[in-house]
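These are the structures in question, set out in turn.
Two complexes come next, and they have one chain in common, chain A, joined by chain B in the first and chain C in the second.
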Partner chain A sequence: MSTAATINKGLFRGLNLRQKTILLISFMSLLLIAIVTSSVFIDGGSLSTDFGSKNLAPSLDHPFGTDWMGRDMFIRTLGGLGLSILIGAIASTISTLLSVILGLLSSVGKIEDSFVSWLVDLFLSIPHLLLIILISIGLGGGATGVIIGVAFTHWTSLTRVVRAEIKQLKTQDYIQISRNFGKSKWWIAVKHFMPHLFPQFILGTILMFPHAILHEASVTFLGFGLSPHEPAIGIILSESMRYLSAGYWWLAFFPGLSLLIVVLSFDMIGENLDKLMNPKKAQE
Partner chain B sequence: MYLKAENISFRYKKDNWILRNVDLSLGSGEVLGLIGDSGSGKSTLCKILSGYEKNYSGTVSIDGTGIPPGIYNPIQLIFQHPEKAVNPKWKMKDILNEGHVVSQDILDSFGIKKNWLHRWPNELSGGELQRFALARALSPKTKFLIADEITTMVDAITQAQIWESILDIVEEMKIGVLVVSHEKNLMNRLCHDVVHLSHINNI
Partner chain C sequence: MKQKKFGIFIGKKIIRLIILLIVVCIASFWLVEQSPIDPVRAYIGEMSIQPEQRAILEEYWGVNTPSHEKFFNWAGNVLKGDLGISLIYRMPVTYVIKERFTASLILMASSWLLSGIVGFILGIIAGMKSGSLIDKAIKTYCYVLIATPTFWLALILLLVFSVYLGWFPVGLSVPIGLTSEEVTLFDRVQHLILPTLTLSVLGVAQIAMFTREKLIEILSSDYVLFAKARGEKGFDLVLRHGVRNVALPAITLQFLGFSELFGGAVLVEQVFSYPGIGQATVAAGLRSDVPLLLGIVLVSALFVFLGNLIADIIYEFIDPRIKQQETTT
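Right, the complex of A and B next:
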């Protein structure tokens, strides 16, 4: 990721690292926002079946080709990605909220701390995918099942980070000095702890996105997630499997590549935001 | 006004006393030196006096009354490592004004420049940070200052400058100072009186 920010030619010439990073983040965000907004405005007509133009290879009319029912793969992919991003957004927000609550709870006392650690260990000891499938089926599948399934399995790592961060902060000299200045617990929590924790929350949410999207896609691919009539990436990929051997490579290639690009964009945004929010690099 | 520490005892482990029945008294405007070997408990005593260490026996009081927790502590401790005493996510002007709004006089006497205020802590040197730590601790409500090896990390000229400013201010504000250091020459120049920790510590 870091190589992208240090390119010093073409569009990036004459900008410092900070400006380049901002440029990169805005470009990636624009791409993702464009995908989501355009997926919202897809009308049903463009996804209708048209057997006159089925199984067409990629062309200017159909940049991603068409499937066995004559539907345009570009529009289907766009719709699928939009859905994936929305599900990822909801799932990782819920997940972050859970980890914030549990992380703060662990700082209250010893019993609460052991309880949270126990809960984290419990959830980590079960394979992610298995747990998502279980929760998803238990909730009757569909979007709700997948969202809750993903949200309830991805909070563990961020909880650990928040818990460790608070533990480390509590022993710092400047926290004790603040207490000696007569500041209240609440004041210290907001003014001293939040600047350290806030970047973790933001980064945690953004870096959870790719996980959430990939898990959503894989659960759906395995048939435990979204229902087949929705234009999800997982559905597209699992359907196209049957046609790969017949030489219709574009059915899996373009949707898969787009999913990869979306996931990488989120990863890049997350990593570059980290650079911006870290004061050690503020004046570069 | 007198800061009195009476019968201060402290230990980490059973039967392993660091401090035992230590008595110390510091008057307003007095500059008292404290000398001791490494690991003899100087820093521990400083932390007890300024309320950072709570698990001790004995009493710390100002004119007979104890120090209430939760409000501005009139006994302020300055640490040996100023870079640990500032929140790395705060700008210098927020760090400076955390306890009280520091007056221009104090900023001038410590030579704190205007453009330092908009920097992050990692963009200043140890000596510069220590000036901030001192300026923010010298509020009108501060009655006693505990200086735990505060100029160990700077060169001799800076050391002299910093101490000159401190002495001016504490004289004007009638603040009592406990100077902890290894350097005998510095102590003799600064302090009205010097005590050796091993002489007052009964272990």
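Right, the complex of A and C next:
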């Protein structure tokens, strides 16, 4: 087949598809961990304002250029990315917890099941961005508003997956037998459902991440999210809009590109993990 | 028989819509009510006023009336078709929304069509040549597009085409300083191109990936194998057996994307300062214009519902495969 021919070419000569996938995942994870850790260790000194070197184009000293206060854009971007990843992580975790609870709830009975699917329809009935704005306003803005807003809008698809999975599991023979042996619903949920669902949760959280980060950045860009004092990517980009016509392209270009790369890395980690864990997809 | 079935279907949908709108009304009103918004501050802006005047305004905007009473007042007016007065535009909300939504509709419709057509063609090409270099290129392109922040893409396009090349104006839907009669069609189109382009980019990726997957699935089916055995090949085969089967699901998917389209419009309109519903949403949110914000929420819920309804109708009543399944069972 054509894939067999392409595998033994190029950079990863001699590795099989599985090893290549693991290598890719580790590389991407390393990149993201590096961004988060470095954003934690950024010291205030390098972010200090220096009007002597304001609005500099990218150079070796300042790879992303400097802004109108002479702050190094590379360091600001790094800090912003760290913040975005952090917020994305919290929001995705809350979102996953919500879908676990609602997914399990839908397995209890018919009324609960239709309630959960009605809730899913309800949350899909308003455009996500508008709903996040609404929730953020309701909570008075700030980081909490964004986190809750993003968390409450991203649980729907994973809930659907969990619901379908449980429905399918319930028809399996061993679940029936387990029930006939007198095991309680809770016991079956924990001992039989959970081991099946756990990989789905991990994967679901990782695949939710890129959406969460993008929505956080969008809402912050519009001015509903984090306060202008935070070094968030959305803030940096909305500030850059004022300097576009002056031709300071680096203020918008590099931070956005970095965000794109982070989102893409999460996407690739998720897709490849899926390939590793899902035997059906492993052969593709 | 068929008309009766369609009638029942539409009836059920209308009941669903009514329940949905009621819940959306209650939920969004509750959310806004939770927030520390001061309607008087939102109305007067930065002006300073006397305490007596403030008391009059507080009375007028109902600051001290209990929440449930406020809700029933508002909901009663909504039932009569009155969404209240916008605080920042000082005009009836229905009028503001009508004006803004028409402007946005042109933007959304054109980018919706563009993304649908381009995405579909790209998907067909990638699916036909799956595994080839061109397929890989299209796939990579789509992956990158999905990960791209909409507003950043808008900024970059603005930077390249308006600031550096000067081909397009920097913002607004018509030139400044002209009366509405002086605005030519060319002006309008020129102001529409960049926002439309940005907005369609997101949709392209989704529809192209979907079309590609579907086409590959169809091309590996038995009837395509049989067609190949009969001697059909190349583009003719794809056109006759592939495109026909992929088109309807792809169109359905495109209708299901109204929610994303609206969200994208908000971001794009903000960057290009295009005076549409998205920009009004941001203004209403930032400047605490509660009546306008609630009105927009309702209209957007209707808009999304309409898209889903059309998708359902296509699925249930137009797709010949579904029809056939029903007659056989």
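Just so we're on the same page, the second predicted complex is superposed on the first by the 245 of 284 C-alpha atoms of A that agree within 3 Å, B and C clash if a C-alpha of one lies under 4 Å from a C-alpha of the other, contacts with A are read in each partner's own complex, and residues count from 1 in each chain.
Rule of thumb we're sticking to: contacts are C-beta pairs under 8 Å (C-beta built on N, C-alpha and C of every residue); 3 or more make two chains touch, one makes a residue touch a chain.
Model, not experiment: these values are computed from the prediction.
Applying the stated contact rule after C-alpha superposition, one finds that A:180 touches chain B and leaves chain C untouched.
Within the superposed three-chain model, A:130 lies in touch with chain C and out of touch with chain B [touch as defined at top]. Among chain B and chain C, the chain that touches a larger number of residues in chain A is C.
When the shared chain is aligned, chain B comes close enough to touch A:172, but chain C does not.
When both complexes are overlaid on chain A, the residue A:195 reaches chain B alone and has no touch with chain C. Legend: residue contacts after superposition of the two complexes on their common chain; A:17 is shown touching neither chain B nor chain C.
Note for the complex: chain B touches chain A at residues 50-52, 70-73, 76-77, 79, 81, 84-90, 98-99, 120, 122-123. Interface residues of chain A, counted against chain C in their complex, comprise 2-3, 121-122, 124-130, 133-135, 137-140, 210, 214, 217-218, 221-224, 237, 240-241, 244-245, 247, 249, 252-253, 256, 259-260, 263-264, 267.
Residue ranges of chain A in contact with chain B, taken from their complex: 172-174, 176-178, 180-184, 192, 195-196, 279-280, 282-283. Chain C meets chain A in the complex at residues 20, 23-24, 28, 30-32, 34-37, 131, 143-144, 146-152, 155-156, 158-159, 163-164, 170, 259-260, 262-263, 266-267, 270-271, 281-282, 285-286, 293, 296-297, 300-301, 304-305.
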